[in-house]
Amino acid sequence: MRVAMLTGGGDCPGLNAVIRAAVRKGVQDHDYEFVGYRDGWYGPLHGIGHPLGIPSVRGILPRGGTVLGSSRTNPFREPDGVRRIKESLAKDHVDALIAIGGEDTLGVAARLHSEYGIPCVGVPKTIDNDLSATDYTFGFDTAVGIATEAIDRLHTTAESHMRVLVVEVMGRHAGWIALHSGLAGGANVILIPEQRFDITEVCGWVTSRFRSSYAPIVVVAEGAVPKDGDLVLKNAAARDSFGHVRLSGVGEWLAAEIERRTGKEARTTVLGHIQRGGTPSAFDRWLATRFGLHAISAVHDGDFGRMVALRGTDIVRVPLAAATARLKTVPPERYEEVKVFFG
Amino acid sequence: MRVAMLTGGGDCPGLNAVIRAAVRKGVQDHDYEFVGYRDGWYGPLHGIGHPLGIPSVRGILPRGGTVLGSSRTNPFREPDGVRRIKESLAKDHVDALIAIGGEDTLGVAARLHSEYGIPCVGVPKTIDNDLSATDYTFGFDTAVGIATEAIDRLHTTAESHMRVLVVEVMGRHAGWIALHSGLAGGANVILIPEQRFDITEVCGWVTSRFRSSYAPIVVVAEGAVPKDGDLVLKNAAARDSFGHVRLSGVGEWLAAEIERRTGKEARTTVLGHIQRGGTPSAFDRWLATRFGLHAISAVHDGDFGRMVALRGTDIVRVPLAAATARLKTVPPERYEEVKVFFG
Amino acid sequence: MRVAMLTGGGDCPGLNAVIRAAVRKGVQDHDYEFVGYRDGWYGPLHGIGHPLGIPSVRGILPRGGTVLGSSRTNPFREPDGVRRIKESLAKDHVDALIAIGGEDTLGVAARLHSEYGIPCVGVPKTIDNDLSATDYTFGFDTAVGIATEAIDRLHTTAESHMRVLVVEVMGRHAGWIALHSGLAGGANVILIPEQRFDITEVCGWVTSRFRSSYAPIVVVAEGAVPKDGDLVLKNAAARDSFGHVRLSGVGEWLAAEIERRTGKEARTTVLGHIQRGGTPSAFDRWLATRFGLHAISAVHDGDFGRMVALRGTDIVRVPLAAATARLKTVPPERYEEVKVFFG
Amino acid sequence: MRVAMLTGGGDCPGLNAVIRAAVRKGVQDHDYEFVGYRDGWYGPLHGIGHPLGIPSVRGILPRGGTVLGSSRTNPFREPDGVRRIKESLAKDHVDALIAIGGEDTLGVAARLHSEYGIPCVGVPKTIDNDLSATDYTFGFDTAVGIATEAIDRLHTTAESHMRVLVVEVMGRHAGWIALHSGLAGGANVILIPEQRFDITEVCGWVTSRFRSSYAPIVVVAEGAVPKDGDLVLKNAAARDSFGHVRLSGVGEWLAAEIERRTGKEARTTVLGHIQRGGTPSAFDRWLATRFGLHAISAVHDGDFGRMVALRGTDIVRVPLAAATARLKTVPPERYEEVKVFFG
């Protein structure tokens, strides 16, 4: 039996741990052969893949990124995409395909299975942890850990200079990284995309923090938006001549506004890519490894069109469709919970 | 309303995060006053406590250990213990008591509530993660992270010298730390207290690892026992003149046996206390903080004789008795799951 | 004998280690009393200081920032500045003043000593390591360590997406942080302020790196300037509406230019303040502690107008003037040395 | 021109950085070819080596250990050793040999050069930093960093339980790791091999620390010896049935004695191999890389019988003999310097 694997979308610590675990279990327990397709769906689309054996996954457990490379290629947007994919799978004698990725990658896998009967198993991957079908996705814990360490470091600078420090973390549509790292880092304000923030209220928290003679840390998700923010952010965007949203993103805007309104010096740190790189945390290696092992079990059971997921401490299987069902955003009550630390 | 807090048993990263969160929420949301008792049950037993306010919990979130101190004192083993405790609580006008600790500490709280009507709320704390009532306990993730980093480091030494490296981690009765850190660290053998190991089988895995010209890492929980091990370990213990079990514990014994049986050089590293010290991981700060917040909610609801616990991503309340109900050990199927990486 | 201390300029990991060491040695070996002035020269200027004892320096060794606070206040630019400083010193019965800071802070101390006979001892502090009088300054090793860890993390993202990653590190006038972190992080291009870079050459290195099918990391000091760069950077600055140079600094400009000229996707990470915050590295704690101890020896010897400095592994004393003598920039041959790793 | 390389003795973070730098510079600047001999002098002795090219050193900069393997083989103790080495070098057309190692490895290189005219260049490697010819050796900074982090962690456990924590670090003959990590970690007692310690004095420091109601950390080098210690340690050794000195080494002995004499609970942590494994610190990567580059310059200059060394911030060359000249131990005045922190 031959199993193909591919990784799609943004890179994420733990991808290699999934690949290694799947190959180790597939080869040792079931004598499977493996094909690794390059750069997500681009690989099968162009028939670019290579055999994967135990030697090729040696030592990759602690390494970030993905040895298979990644891309955002979507075969449904390519001329003749599906046919070309089916041809590659046939040419490579692929009996099952394990797709590791987020909404888009798994969305493709879901359709390939439901509409074209391709035997797919999905492994969820989103550093933003915004997938409703699973308690956690690997990469998230690593990102939160890196952001928290950065916040720890910024406290001392804030205190020494009595400055406001704004930390912009990842999270376009969901505030999980901001919520967890802000809570763990002892931030004084946490702003998430799920709830538009009132800049006046934010400045109130900042000022009250100074009153107790401590300097505030403001953690903001890149996707957070101020009330009546569309206008403001259009201006912010206008300032940017490279088209990098983060260039003058909400973090910069926030620091400038806070400075203007409170008269306190404010600085921004945009963590950016360091949140998604490097060695995975122990938790993410453990979760990714178990996802890889259970993906092979699903293949072995011929249980296709399914995705592995974490529920409590168990790995379960859910329909691939669930992966793209709905975004898991921060519930209002969870955000309320942390407001006790604001100001 | 006055709330007392105490921390008992071995120290654990996250204790201060619980204390801080409880005080912040209690004072800001409910105007509670707080008493911090020193050194677990020793404090109320001898009437040693002091007021806790927001200033006294400032900056302790990232700090390991406990600002309240800890001990293993058990009032039920002290002359007149319960009466003296009740007197202290009366003297200090305590309306509710939050006990943060493991089996023993919470066992006392459970009895004080059920037999003597003392309004107790429990917060579970065990670095070994061996509590059946909760998915995880804070401190565990930090310990696993430290052990995993140590294993990462030992790989390079093992490879460079083609040596067997035995890493003894914490876990008297449950192998969770060994299981998670061994899996995350890419260990070649993982031995846990739940299943007696066969030294011949272990040596087989070690030898097969060398055959693929890699050097093996053996992760062993301090409580792991070889088959026909009682005898062996009695001897091991006999070798130790200080009464520290770990001195010539299973790790040392294992390295010596592996060396004797395989002829390969073997070394032991006993991680010991570094696993339980230092700053908590982001995950543990998040979990401990939420436990502290929800303990206050329980107090506010007058919901005594309960313990906060983690279920999936929710904090729930369970009867205090459940804390001591039964040990959460590694289920056989979970151990089977990782055997694919052995050898 | 009473000794005053102050910390000026930007915060830097190790400041607290200097303070602690000076107080410990001063009190225990010589029975000195200590005054800690707030916020650099602002403190003595406004007579704001408080006694420092062994209890007040407890536990600060591993903490970043400075317990004395900091500022850029310059008494020579304040009306009547020097007289007010002398009054504070007299009022507080200060027999010696230890000034911990960079060019500006120590420049003031030098003048106060040479022109007004105030008994000053200096401790050099610059995270940029650009002081010719000493081999290293504390804070530098920590900054290099943080930048190197970030570069390590970015490698995996670069590889997975075959992207150019530009990392902007600190260094307005000297490229030491870029040189050391770029070398340690295995960067493929390192750009420093000391040598104007040729964007065409940079793109050549980037392209050649891709030819060997690896993705390049470009480390650039914030003060690096392209040939014919004045024009270019004026434009860059023009894009920034907050007046933060780093907002659309050389890092952003570089990524945009590389993308435009090579057609390869490029991203920028600006490390910013995380480089100067948080716990000092072991090396910096060791250096800062020894500086503190030797500053007290200088005071004890009545050897004023001097600054402590590192030469090899020895702590020596040099004239305070030397602190501000000339900037220690990266010598051409040291930059040549690392070019073997470019491309 | 063909250059051979080998690594001997205990592994040390930075070895791979030396190898990578030498190959990169040798190939790119001088078109050298490289031979990598396996396992120190064992390789040329048995003619086991393989070509090294730029691809073979890719990605090894941040990796601990050595890709060439290591051993303690000494050709002068092998029948016909020197002749066999010369034959291998001839067979492999080796024009120059770069030996990376400590006293033993470089001692062999020195004799092979002086007595047999073999063109050797040495690169010093000792994690203990006990080489008089160089300010620092790579690996030392990493070891100190790991030990310091461990001490940081142990503080919280010591405080929470008011226990004495004894940390045994590496250092058979020189106390550099104990001195630097003890200083950086804020230890209350530091014991080094250079000066026999008085157990009564140690207990005095421990007791005085408790009087100021803090718990003491005692850092002891594995080679530290009590006054009238021979006897005591013979007993200690006698307690050990595996012949591992560290099993009941000075750390365990010390904890037991302190417990017995002060009545305070004491625990030992033996850091062991984790001090020498894992990724090198930025400082060590920088130093090792520069050593590698300068070793090639020496080869290029035909300057054989020399060793590269660090002086201040410069890399210099010294006679290979100097490597083994005399042990660099901690000078009495340096030890005195830190005593202010004892107790």
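Just a few scattered comments:
Chains: A, B, C and D, in written order; residue numbering restarts at 1 for each.
The working rule: contacts are C-beta pairs under 8 Å (C-beta built on N, C-alpha and C of every residue); 3 or more make two chains touch, one makes a residue touch a chain.
Quick caveat, the model's predicted, so the values are computed rather than measured.
Chains that touch both subunit A and subunit B are absent from this assembly.
Its interface matching that of A-B in over half of the contact pairs by residue number, C-D stands out among A-C, C-D or B-D. Set against the C-alpha centre of subunit D, every other chain centre is closer than that of A.
Counted by C-beta pairs in contact, the busier of A-C and C-D is A-C. We define each chain's centre as the mean of its Cα atoms; on that basis subunit A and subunit D are separated by 41 Å.
In whole angstrom, the spacing between the mean C-alpha positions of subunit A and subunit C is 34.
The geometric centre of subunit C is 30 Å away from that of subunit D, both derived from CA atoms. Among the residues of subunit A, those in touch with two or more other chains are 152. Those chain pairs judged to touch are A-B, A-C, B-D, C-D. Interface of subunit D with subunit C (complex): residues 21, 24-25, 28-29, 58, 61-62, 135-136, 141, 144-145, 147-148, 152, 180-181, 183-186, 214, 279, 281-283, 285-286, 289-290, 293, 311-313, 337, 340-341. Put simply, subunit D touches subunit B in their complex at residues 10-11, 13, 15, 63-66, 69-71, 146, 149-150, 152-157, 159-162, 165, 239-242, 244, 247-248, 252, 255-256, 267-270, 272-274, 276-278.
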